[in-house]
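Shared between the two complexes below is chain A, which has chain B as its partner in the first and chain C in the second.
Showing the complex of A and B:
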């Protein structure tokens, strides 16, 4: 199955990487996860370009930073829903995974025996070999909260590795590189996040440093706000201490990541459940919002103000339906036909847009989608429930 | 001349505008509500619109060629080696003259529909319009701090772009202190501020201020300045404003909450401080949302909520957010202490709105900002959303009306309307305009 046919033509304009550098915000709620949409972005970016005409275009590479889901989840999702072999792609240096889940607070655990085998196995049979153990571990790993680990409950303070030694020993790291070529976040500081992504960029662009366009996907960076204890404390910025983790510092870190070399499009995925946006200034609730509510609302609204395009997944307003998983709403910020060169916010852009179109010829709109059990997604317009994908 | 009493050029301009709202010409004509009675005198065009355009293009080419020839001849005559820069300068001067001529031609040949003419406005409205025009063109010298309020449903970026266009056209030193953008146009002095401490930002602003020119400092998000106890925003703003001919335009996103530190809990909230200091407050709203709110008001319904306030989990931005052109609720504060409020509509600007000289373009040709009540789409309520589920009785008859039927029905002049005509109506005669499908039956008339 060619990868492009996995994206519905209705969805195609939204998941295609825009021509100019852009900031696309994805939001999801508990019942309507945006994972399927991320996979569609991955398919579009990583599908093999055609033989002839597309060769001169810059190659698109992807860095996926995930705080809530681990490598196995994305690998199996990518294979099941997208037909992508992420392991092979990462060996080809087109894809890099930054694990923000498994080593952020836990000490490096001895790997399960199924995981340590692959380095000894010859590369031809590796993909076959890993398939079966992966299925088993996927069910356990992604959903298990860190608190259930006996290590953490035994010594909570000692379990956090010191910032000075962010990585495990070199040999272990090498092993990791061989079996799952990805990077890990080991401390929840913003400087470390930036460093890790820089090294991921360096890893991807080591062959051809200039030409690559990188799509940086950040899966749930708002987790950091919930994890950090400093959101309520008054920020005390001095030159020495690292910046405290507040919505504004997190936001400007994301902007910094956008300015890193070769980063073309920034794609954060944020949770937008009602409790997380309940601290709106217009909300006249008798109870003052908690600091965490304020922080998550501020973070989401700030990003939405920066984003060129917002794509939000939500449940059907009218209730649960058997053949509809949710609604995807796409809104764009810059609309209208400014036909001159002076977009003023990006240098030398030429916008020849229609009336309702935004950046990259994207129209605002709402689509319904249905995620099937096999990972396939049907996308259709309202009222066209039985339409083809 | 068309049947509406306006010249073809005027109508063409009018249609171009209405088309930008997605309104068909027929609807647009209806919305104008053309008065019955004597046709308004207008200049009759001796040529068609196409001929006029060709003529204009030819004139433009002639002027350009003449200008180039003249510059070249001057160059030869004076035996001077003109630098390219000088040449461009001279050419620009000629082009500017030419643009003026073009405008005067246009002024002679076409008139603007009265909806767009300011002179029909009452005095206060005209005053408000002038105030807004001054604020927009950054020419209001006593306007030191303009507070721009926006939310996710209407970003203030188009308005800031408008300020930048006009500022650069007037050769004002534009300084953008940005917490949200990572780069801008190279004609703007850009300070990327999101990792800087307040005193560092201040230092850079001071470095960017040109004491010999007018300076305008745009801050695209005030939140980082307001958050945390390290910045005293009052002190910050007033220390910028003490520079001669320097004013500040600050954006405050209304839906971004600010975490109050323990000391700030005893201070007035940040927005109140900003509103107190502001000399002009501009609140941005999406035209589509304003129109749907008006439609709801007109029917005494609850105004619809959009975006984050919608009762739907997971909705960030309302549909129709950031419409093509925005509504601005402005509040002007005079030195005497009196305030005036007014709503305006600004469409997106186009390059053809500006003179082509200058960097990157010249001054604005003609102010296109209008009062909201002058806006045709707002007047006609064209974006009015249809109620989603109109309860219709089950019937085999089609009770609805087609567009054509509705138009014709509305066009019928009822006898009592006719009787109220001051010149006296035509008695009790049934007023009926023959459609093309009617055939006149003489025999029936004779009975």
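Showing the complex of A and C:
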């Protein structure tokens, strides 16, 4: 199945990476998750120059930072819905996963200190031997016969920088962790986030030419905001922590990342549920907004003002339908937004309602989508029915 | 074997059940008691102890391992507590390890016992069903009318061989409990209780999470664990400081990490009183985002009971005690959600708690008094199991 047919033609202009550096914001609400859309971005970025050998344009690499979902989810979804072998792609240094879930707030195991771990190399070979038959028994990608996998598994796992060194744990988990060539966030600080992403970039660009385009996907960076203690206490301006986690510092960290030389497109996915975006000062609700709500609103509003393109998934306004999962609304920033060197836009609207066609020739509009049980997605115009894709 | 074509769309279920299930995590050769592969995608699932609750979980007919469900209830009732007790009791009966957060041993002693007479009848019925159409036996009540292609799952868990079946009978996936009885707990400590530490300034959840993690990591790897958290953040149990967003959300985030780490061993069920923590607040919304499934129970006020008592059409069945709303389902919504056909999402659901069961069923208002045709229609419709509704849709 050619990769392009996995993305509906209606969706293709939106998931294709723009020519110039851009900032695409995805929003989702409870019950209308944007994970399927992230997979579509992954397909578009990773599968096109895979074996076509067209090297005239720079290869696209992807860094996926996920605070709410684990590697296993993305790997299986990428395989089932997108036909992507993310493990192989990460061994080819085209994909890097930064795990913000498993070690962020789960305390390390007290009874398994790291120094009792056996030496790395023998354990790797052992786990590969035990895990490979499982993978080989289910061949999804015909281009990757199981015989080629061992050669590929060997080097990148060993060349991972120290932040990703797996903590000792029971052997079952150890096998999984050894399999995942990924990075982990261990503390919820912005400095650590930046550092980890920088090392992921260094990992991806170590062998390849520096002209590689990197798509940086941030799955729910607002989790950091919700989980950090500074949202409930008044932010302390003192210098005990270098950057207290507030909407503005998180936002500027994202912009810092975006302006890194290799980062081509920044793609954050933010929750835009009504309680999280309605904390306006003019809100006349009986309850004053809590600091958590204020922080979420401020963060999302900031990003929406910066974004070149906003793609928001929401549920149908009319209730649940049998053949529609939700609505995808695409808004494009108006022409005329000019960015200076630092990447800050000097002018622009949040919702480019004035013109039909915005930056990059992408049309605004609303589409309906349906996520099937097999991971396939149909995208269609309102009223187009269910016959065509 | 090397020449056999694999991953054909519908492999014959009798031959080789293991590769027929396209699961994300390959099911272990011997599935533990109370665990079976999902009829949708083969991932291991376990029962919640309530058959109709199992049946609304997006066609999986059970709670997928490695996921959590948050049950919200408004008002002062505790219907969700009944669901929790069934869930815990099912775990005890199946030999799973049950971890109870915030409640004492008295809660564990109050678990409902297995209904004996009902049990026999159900067993016989199950045996009959096995003879007629065993492959539909595992499907939930909503799946029966779905008309979907045959799910590619084996007739039995892959580890069980026929001789075993003959000797001990088919393993019950979901037991029937009687709230009026008391479960006799097995001698070994099947349940462990985690009291809430009353600290003035620190998060009470850090210690709990660490203890649970330690318990799980030190138990044998094949053990199935269930974490039960009744009335999360209720001021009767938790100190005021625990409702600070970063404490509770960090705990839930850590719990989610634990679930993903033990994705074939662990499930979590949480209840939350929304009278104190309304769904319109950002805190509760974040709790919903971090959990895999979100259900909301809305009990009817009492005077509605007397009103609907006049509806003659509902004489045969018990009147529902409230509405149940599905906001999010495990696995299903994580992929993006896909229409309401499979999950019963589009239907109005109501729940009924009686002495021995918690039933979730489609809700419909009774016809008007004196509307004889309408009443007959409803009687007919209920007799035929909702065929009428399906006909009306097109």
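The rule is short, and it goes like this: the second predicted complex is superposed on the first by the 277 of 389 C-alpha atoms of A that agree within 3 Å, B and C clash if a C-alpha of one lies under 4 Å from a C-alpha of the other, contacts with A are read in each partner's own complex, and residues count from 1 in each chain.
Note that in this section contacts are C-beta pairs under 8 Å (C-beta built on N, C-alpha and C of every residue); 3 or more make two chains touch, one makes a residue touch a chain.
Keep in mind that what you see is a predicted model, and the values were worked out from it rather than measured.
Once chain A of one complex is fitted onto chain A of the other, the partner contacts of A:314 are limited to chain B, with no touch recorded for chain C. Within the superposed three-chain model, A:204 lies out of touch with both chain B and chain C [touch as defined at top].
Within the superposed three-chain model, A:290 lies in touch with chain C and out of touch with chain B [touch as defined at top]. Of the two partner chains placed around the shared chain by superposition, neither chain B nor chain C is touched by A:367. Applying the stated contact rule after C-alpha superposition, one finds that A:223 touches chain C and leaves chain B untouched.
Contact with chain B, but none with chain C, is seen for A:259 once the two complexes are overlaid on the shared chain. Of the two partner chains, both chain B and chain C are touched by A:273.
In the superposed pair of complexes, A:332 makes contact with chain B only, with no contact to chain C. Once chain A of one complex is fitted onto chain A of the other, the partner contacts of A:302 are limited to chain B, with no touch recorded for chain C. Note: residues 32, 231-232, 273-274, 279, 289, 291, 313 of chain A belong to the chain B contact set and to the chain C contact set alike, using the contact criterion stated above. Contacts from chain C toward chain A in the complex involve residues 6-7, 19, 22, 24-26, 40-41, 206, 209-210, 213-214, 217-218, 221, 244-246, 249-251, 253-254, 256-258, 260-261, 263, 279-286, 288-290, 294, 327-328, 333-342, 345-346. Chain A makes touch with chain C in their complex at residues 30-37, 68-70, 72-73, 76-77, 80-81, 101-107, 109-112, 134, 137-140, 169-170, 172-173, 220, 223, 226-229, 231-232, 271, 273-276, 279, 285, 287, 289-293, 296, 313, 319-326, 369-373, 375, 377.
Remark: chain B residues 20, 22, 152, 155, 157-158, 161, 164-165, 179-186, 188, 194-195, 197, 221, 223-224, 227-230, 253-259, 261-263, 271, 308-309, 312-325, 348-352, 360-361 touch chain A in the complex.
Across the complex, chain A meets chain B through its residues 25, 27-29, 32, 231-232, 234-235, 237, 246-248, 251-252, 255-256, 258-259, 272-274, 277, 279-282, 289, 291, 294-295, 297-298, 300-302, 304-306, 310, 312-315, 317, 329, 331-347, 355-356, 364, 366.
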